[in-house]
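Below, each structure is written out as structure tokens.
Below are two complexes that have chain A in common, paired first with chain B and then with chain C.
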Partner chain A sequence: MTNQAGGGRPPPPPPSQSYAGLLSELMTNTLDADYEVVASRRSAATGASPQGESGGDPRSGWSNRAGIVAAVTAFGVLVGVSAVKTAQDQPQATAERAQLIEQIEAGQARLDDLHGDLSALQADIGRRQQEQAGEASAASRRTDDLQHLAMSAGTAAVTGPGMVLNLDNARHAVPGAGGLILDSDVQALVNGLWVAGAEAIAIDGHRLTALTSIRFAGQAITVDYRSLTPPYVVEAIGNPDTLPSRLLETQGGQLWLGLRANYGITFETQTESTITLAGDAYNNLLWARPVGSR
Partner chain B sequence: MIAIIGLLIGVLAGLFLEPTVPLALQPYLPIAVVAALDAVFGGVRAHFDGIFDDKVFVISFFSNVLIAALIVYLGDQLGVGGQLSTGVVVVLGIRIFSNVAAIRRHVFHA
Partner chain C sequence: MSDDAKRRSAQLVVAVLLALLGFAAAAQIRLTHQDGSYAGQRREDLIELLDSLAAAAERTQKQIDELERTRSDLLSSSERREAAVEAANEQLAVLGILAGTLPAEGPGVTVTITDPSGAVTAASILNGVEELRDAGAEAIEINDRARVVASTAFVERDGVVLVDGHELRPPYVLDAIGSSHTLSEAVIFPGGLADEVSRLGGEVAVEEAAVVEVGSLHPVDPPEYAQPTDE
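Coming up: the complex of A and B.
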């Protein structure tokens, strides 16, 4: 039905634009078609001769002028606002960039500071380690000093080569006859040993220190307030090659040679390669203090 | 003449009054400027062609701006705002160049 009705009329020609490519249409039809349409309509209305754009157009009046001005003013506002916006955004972006650069530089400076701190701390660590090593060696040195002092003072056990002396009263000795060993004899012998170069001396196992007394109480000799019974054994650490001979050259040695010869008192010496002497445990100083301390 | 005065007034108003553009409309401002530029050059060319019409110019100006902004807005909603604004700028740019070429031919007769 409709086919028949429409079939009588030829189909309208397709618009020429549809044959052209999109790009060529873009390039050719750049002007709004409305201008031509309105112009052709106006020329048809006013007559065959086309007029100027606003010459005899009855619609050209203040209202349309106002429309143009409004549109152009709006365009100007758009341009101005865009320019202002761009000008506003640019300093902001620049400021942000400068701020970022500033932050980066600050971070790098901080990193440099931290590196400096790190190297300083490492140097400090090395210095402290050296100090500690020095302190450790000083401490061990002090310990050695203390050891030496204790050995000299007689409070520390010592070992080394030396000589052993066996002393005994004469047989069948009676008091007053001179066959008994006196405290002064022992004192003379010990002094002779010190002179001969003995470094540590013990009598019957009692180490002699600066405070050790050798006295006579009753019938017995006391060393460090402890009574000893004959025979007495005196041990002395020193050079075993020179100690016996040098002892005999001292007054004490001569005395004892005389005692042996005149009264039959036993006086035997022999060298030992190893003698061990215990330290004197009773060496607490109750009153003496180092000078300079309280 | 009166159009140039209006343009100057508009530019000065935009520069010195610094109207605050809503944040949501800021992405469409450059596209609107390009579309308006196209309408303005089209009007100038029509003027030189002798077929200028006030009504057509005003309507084409505002519809150009509106449609360009609308297309970009649509592209934004679809996630292809950048590509669509590029397309709009390309098309309008071609039109602007062609219109300016026509104006040039009228002005310099070359």
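Coming up: the complex of A and C.
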């Protein structure tokens, strides 16, 4: 680079032969020279340049600006259209996706409902099963109670060891002569059997219950309103080892020993290892009810 | 054109661009936001999830159907059981009254036997009980202490009447539940209890009542020799 000395002169034109020079000229002077040329040309053409260097041709400024605006606007429109397009396209692309998600959410809600139903059902069944287990054990207790009560009341068939008594009027007995078996005789005998520890008694197959009456009608004993014909068979379940001897110690037993000895009435006893007595078929009670049941 | 106008138009362009950018961004965010917790999942994942949900729902529904059948079985069996329980309870009430384990009440009579001379025997009382049974008495007790059941034993020891071990003293008061008219007729029937007691120097008074309570109980001990049959 040369530096020529000279006063008042504008900077000499830069050397144009070197790349470094060109680059620095571009950096430093850029368009200045061109603008000067254009400006001088313009002032020459109009004769005046009121707008000075910064003015320039309005038309050429407008077209420049219009280009920029157009480009920027086009860019903006592109971005906008793309955004709108995306916004429009995306629902289409995700319409299915949104629908899927909706279905999934509905499916999960339904599954939750079903699980709720299921656990409610399981709880309900568990409760009922527990209830029924309680009922079943109550029912089995009730069955035991019923069985004991029915055996005791004489309504259930029972079997066990005991004794059998054969009773008959005296031969050629006539009323009033003492050879006939009276209801009070049978009552006394049965009472004696209960005293001696009998657990169940039947006369001629009729099981005795709390309702059974032993009466005398005409010439015969009636048990439970049914007239029996002698000989009478009395069966009693109890300890076969003690029942006969204890019976004879009772007033009823003593009575019958006297009847046999004094009037020729038949009074035979024997023990049995197995006696089976049917239960008395009973109807519901007509008058009596448990206290507080009504 | 002035600098002001230029600045305004430039600002306008920037404003429009920013508005478009904001719109696009908002649209994008809105769409993204809709996905919620499924944002990261592919369409295939979603379909698979939906399928497995449907399968799970079907399994659960099957379980529910099964349990509902179980429950309806339980319900009908519990209805049957309730009917059986009701029948059993009725039977228990009847048997409890017959066996003397339940207090009973109902119409009936109160028979009072006075015995100033002490001549009334256990046999007389047993005879009276038989008369009441014959007249359809369903529950009987004596002196509010001795419940008369099938196996009730009447014993006389040293002039004292024992009914199932209860020492009874006159007057003997028999409460009997049944048809009050029939029961009272039976007691005063010629040749019946009233006649017998008056022959012994006592007196019998019968009082009919709309409600007689037979409150004493007879304990039921399990039998030692009698066993239930298999029928």
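Rule of thumb we're sticking to: the second predicted complex is superposed on the first by the 157 of 294 C-alpha atoms of A that agree within 3 Å, B and C clash if a C-alpha of one lies under 4 Å from a C-alpha of the other, contacts with A are read in each partner's own complex, and residues count from 1 in each chain.
Please note the rule applied: a contact is a pair of C-beta atoms (placed from the backbone, for glycine too) under 8 Å apart; a residue touches a chain by one contact, two chains touch by 3 or more.
These figures come from a predicted structure and were not determined experimentally.
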* On chain A, which partner's contacts cover more residues, chain B's or chain C's? -> C
* Would you check which partner chain A:S273 touches, where first means chain B only, second means chain C only, and both and neither mean what they say? => neither
* Touch check for A:A70: first (chain B), second (chain C), both, or neither? -> first
* Is A:D145 contacted by the first partner chain B, the second partner chain C, both or neither? -> second
* Should A:A156 be classified as contacting the first partner (chain B), the second (chain C), both, or neither? -> second
* Asked: So, A:L286: does it touch chain B (first), chain C (second), both, or neither?
  -> second
* For chain A, which residues lie in the overlap of the chain B contacts and the chain C contacts? -> 65, 69, 72-73, 75-77, 79-80, 82-84
* Structure fact -> Listed in rising order, chain A residues that touch chain B in their complex are 26-27, 30-32, 34-36, 38-39, 42, 50, 52-54, 59-60, 64-65, 67-85
* Which residues of chain C touch chain A in the complex? -> 1, 6, 9, 13, 16-17, 20-21, 23-25, 27-28, 31, 34-36, 38, 43, 46-47, 49-50, 53-54, 56-57, 60-61, 63-64, 67-68, 70-71, 74-75, 77-78, 81, 84-85, 88-108, 122-123, 126-127, 130-131, 133-134, 136-140, 148-156, 177-179, 213-215, 220, 222-229, 231
* Structure fact -> The residues of chain B that touch chain A in their complex are 2-15, 18-19, 21, 26, 29-30, 32-33, 36-37, 39-40, 42, 45-47, 49-62, 65, 91, 94-95, 98-99, 102
* Structure fact -> Touching chain C in the complex, chain A uses residues 58, 61-62, 65, 69, 72-73, 75-77, 79-80, 82-84, 86-87, 90-91, 94, 96-98, 100-101, 103-104, 107-108, 110-111, 114-115, 117-118, 121-122, 124-125, 128-129, 131-132, 135, 138-139, 142-143, 145-162, 183-184, 187-188, 191, 194-195, 198-201, 208-215, 225, 237-239, 250-251, 276, 282, 284-291, 293
